[in-house]
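For reference, the structures are reproduced in the following blocks.
Consider the two complexes below, in which subunit A is the common component and subunit B and subunit C are the respective partners.
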Partner chain A sequence: MSLWEFANPVKFIRLSGRLLPWVSGLTVICLAVGLIWGLFFTPEEARQGHIAKIIYIHVPLAMMAINAWGMMFVTSLIWLIRRHHVSVLAAKAAAPIGATFTLLAIITGAIWGAPTWGTPWVWDPRLTSFAVLLVFYFGYMALWAAIEDPDKAADLTSVLAMVGTVFAFLSRYAVNFWNQGLHQGASLSLDKEENVADVFYIPLLLSIAGFVLLFLALVLLRTQTEVRARRLRALMLREGANA
Partner chain B sequence: MIGQKKKRRVQLIVVGMVLLAAASALIGFGFRQGIQFFRSPSEVVESPPGPDELFRIGGLVEVGSLIEGSGETITFIVTDNAKTVPVSYTGILPDLFDEGQGVIALGHLREGTFYATEILAKHDESYMPKEVIDSLKEQGLYEAPDS
Partner chain C sequence: MTRAVLMRELRLALRSGGGAGLGLVFFLIVILLIPFGVGPDETLLALIAPGTLWIAALLACLLSLDRIFQADYEDGTLDILTLSPMPLEGLVAIKGLAHWLTTGLPLVIAAPVLGLTLSLPAPAYGWLIASLLVGTPALSFLGTIGAALTVGVRRGGLLLSLLVLPLYIPTLIFGASVVTSAAEGQSVTTAFQLLGGITLFTLALAPFTAAATLRMQMR
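Right after this comes the complex of A and B.
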């Protein structure tokens, strides 16, 4: 029994089919509890007032926008090295979700930034790196759509995933070494003291868990669709060859 | 033979990633002045930009320096706890703008005064409930986090 068994499309479909109802159920519970708690049952924030509540949507979205590309990087790497189709199809399935999360993170950030900073958008390093990430997502999806041969498309998009990782991630983290922009540092971090009071922290963790599960559920569902579409294509090619 | 091919792919990927990382590090290093979002008061005092150069200055609004003049014009002093620069601004201020808080202003430096055309407030990463801050202030225990 090894992890690579699930690279087998049949086994993947079976396992993901069993997991999906559980993941979806947990997603609904975490998102409902986290968001309702966060949006309606937390006290007013000291300096920002009620607009601060956008943190329950903005922070999880921004985290998953980056992590989705991280996941695409890993699955593309597995495709390039081990040639498992399910792996690269999972990356293909994750791209539109990651792009949506990135766009929503930018929009919710603009809604928060307009009254608090005094501007919805500035070319601050962190904001700029998210704009770059969004362009990489669109480029990745466009490349998949542009190439007929699925294996060739998988190879080229995987290379783009590698390039995007270096640019999007390094530009995101490396700028912090010598530059500080308008955007505040991470409110949640594992190594530093706590920046967010407990009353805000617990619903925030729940809503982050909700968005992680939402991403997982959507990726499982979309990967199933991609795997079946690939199977269908193979069957139709065989039919065509026989006729 | 297949193992050989796989090894070759891994080598290619590693070399490619290292080259890309080096290239982006070089770009970042080369443009580090250009991608600097704002300058501190110390940098501005040490090498004052010309009157025509548009740039951003960032720091804290010095406590007690905020003066509201006629109409919408305000003046305050921006500090990084080492050097200070006086700022003049006419226009609407963001919600979070206040004494002792972080600020980033865009404008020109003329005869030692920074004439801002845009003021942005910088928020720090702390989130505290209003009631907690109010009670801490009542007890005189509250310390503003430095942003």
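Right after this comes the complex of A and C.
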């Protein structure tokens, strides 16, 4: 039994169908506990007050916005190397979720930035690279939509995911050259030096776990939909050939 | 073989309907529109001239990208070229080069004249030419990837822009930064080296990516 067995759509549907209720349930628990704890039962941040509590939404969204692209990179690579349909369909399924998370990260950032920086948007490296990332998501989805043949669309979008990853990275570091920013440094890191204080840390970790699970649940659900849409298409083609 | 393919590309581009001059005229019009949009104030124009020239050059380059493979794909020439002894990567590189010679190079030559109309400061002219000379090949070669991705798509021009423009961001940042720094009398070395690095990186890898994409298109 290896991981590659789930390239078989039937096995994938069976396994994901079994996993989905658990993942969804855990998502609700983590998000509910993390957000309620974070929003209502943590002390106010010393300088920013209430508004800093948006961190429990903004940071997880921003993390998952990037990680979703990372997942699309890996699954597209698997498609290019081993031609597993479920893999590339998972990438297709993840794109709109990633784009939504990116957009929401920008919006929650704007809500946070308006009172604290005095402006909802600045051309700061982090903000700018999120705008660039959003454009890459749109390009990826537009290419999927433009090509009819599913296998060819999978090939081409996978190439775009590779090229896009390289250039998203390049842009990320090129914008540092172009403008130094207002955005604060990382709130979390593995060496505890620059971490937020413990009272904020645990609810933040919980809401991050919640958003990871939310992403996972949505990807599983949307991949199931894609697999079934693919099967439906094959059936309809067969019917059409007989008629 | 290489020479024959290159001459064919150039001849097709330069003859009537090839559209080689269109990019240049587009460049001219965009620069002409800028003062109408922001006003004729010379200090303001001088301030925005480097970025404006680079963005206009980039858009002019974009305009003719869909010609790189589309016609050859539609009439079957691309299939025949694929069967020829020349590797597809080499063909892509030649097509990229031909696109640069007919679109990028004229822009490099026209840019200083248009810089004059935007009151670009004197020390920036040399670096404007140098940065465009070094940067525009990257635009053409990145364009081959976009053109290969959208070759089978009907009316793929808009999609092509959506795919290619984000790839142009690093080139634009460093290219415009060279000219801006030169205009302000600062050192341009770092930005120029990074611009050259991006271009070399693109020249080295884009032909392989675009050729792989074309093979997928013809599978």
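To be clear about the criterion, the second predicted complex is superposed on the first by the 229 of 243 C-alpha atoms of A that agree within 3 Å, B and C clash if a C-alpha of one lies under 4 Å from a C-alpha of the other, contacts with A are read in each partner's own complex, and residues count from 1 in each chain.
FYI, a residue touches a chain if its C-beta (ideal position, glycine included) is under 8 Å from a C-beta of that chain, and two chains touch if they have at least 3 such contacts.
Just so it is clear, the structure is predicted and the values come from calculations on it, not from any experiment.
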| item | value |
| --- | --- |
| First (subunit B), second (subunit C), both or neither touched by A:Phe167 | both |
| Partner with the higher number of touched subunit A residues, subunit C or subunit B | B |
| Touched partner set for A:Pro43, first subunit B, second subunit C, both or neither | first |
| First, second, both or neither for A:Leu156, with subunit B first and subunit C second | second |
| First, second, both or neither for A:Thr225, with subunit B first and subunit C second | neither |
| Footprint overlap on subunit A, where subunit B in one structure and subunit C in the other make contact | 159, 162-163, 167, 170-171, 174-175, 178 |
| Contact footprint of subunit B on subunit A as seen in their complex | 42-49, 51-52, 55, 77, 80-82, 115-119, 122-125, 159, 162-163, 165-167, 170-171, 174-175, 178-182, 184-187, 195-197, 199-200 |
| Footprint of subunit A on subunit B - complex, ascending | 6, 9-10, 13, 16-17, 20-21, 24-25, 28, 32, 35-38, 58, 92-97, 104, 118-134, 147 |
| Residues of subunit C touching subunit A in the complex | 145, 149-150, 152-153, 156, 159, 162-163, 165-167, 169-170, 173-174, 177, 190-191, 194, 198, 209, 212-213, 216-217, 219 |
| Partner subunit C, residues of subunit A touching it in the complex | 132, 135-136, 138-139, 142-143, 146-147, 152, 155-156, 159-160, 162-164, 167, 170-171, 174-175, 177-178 |
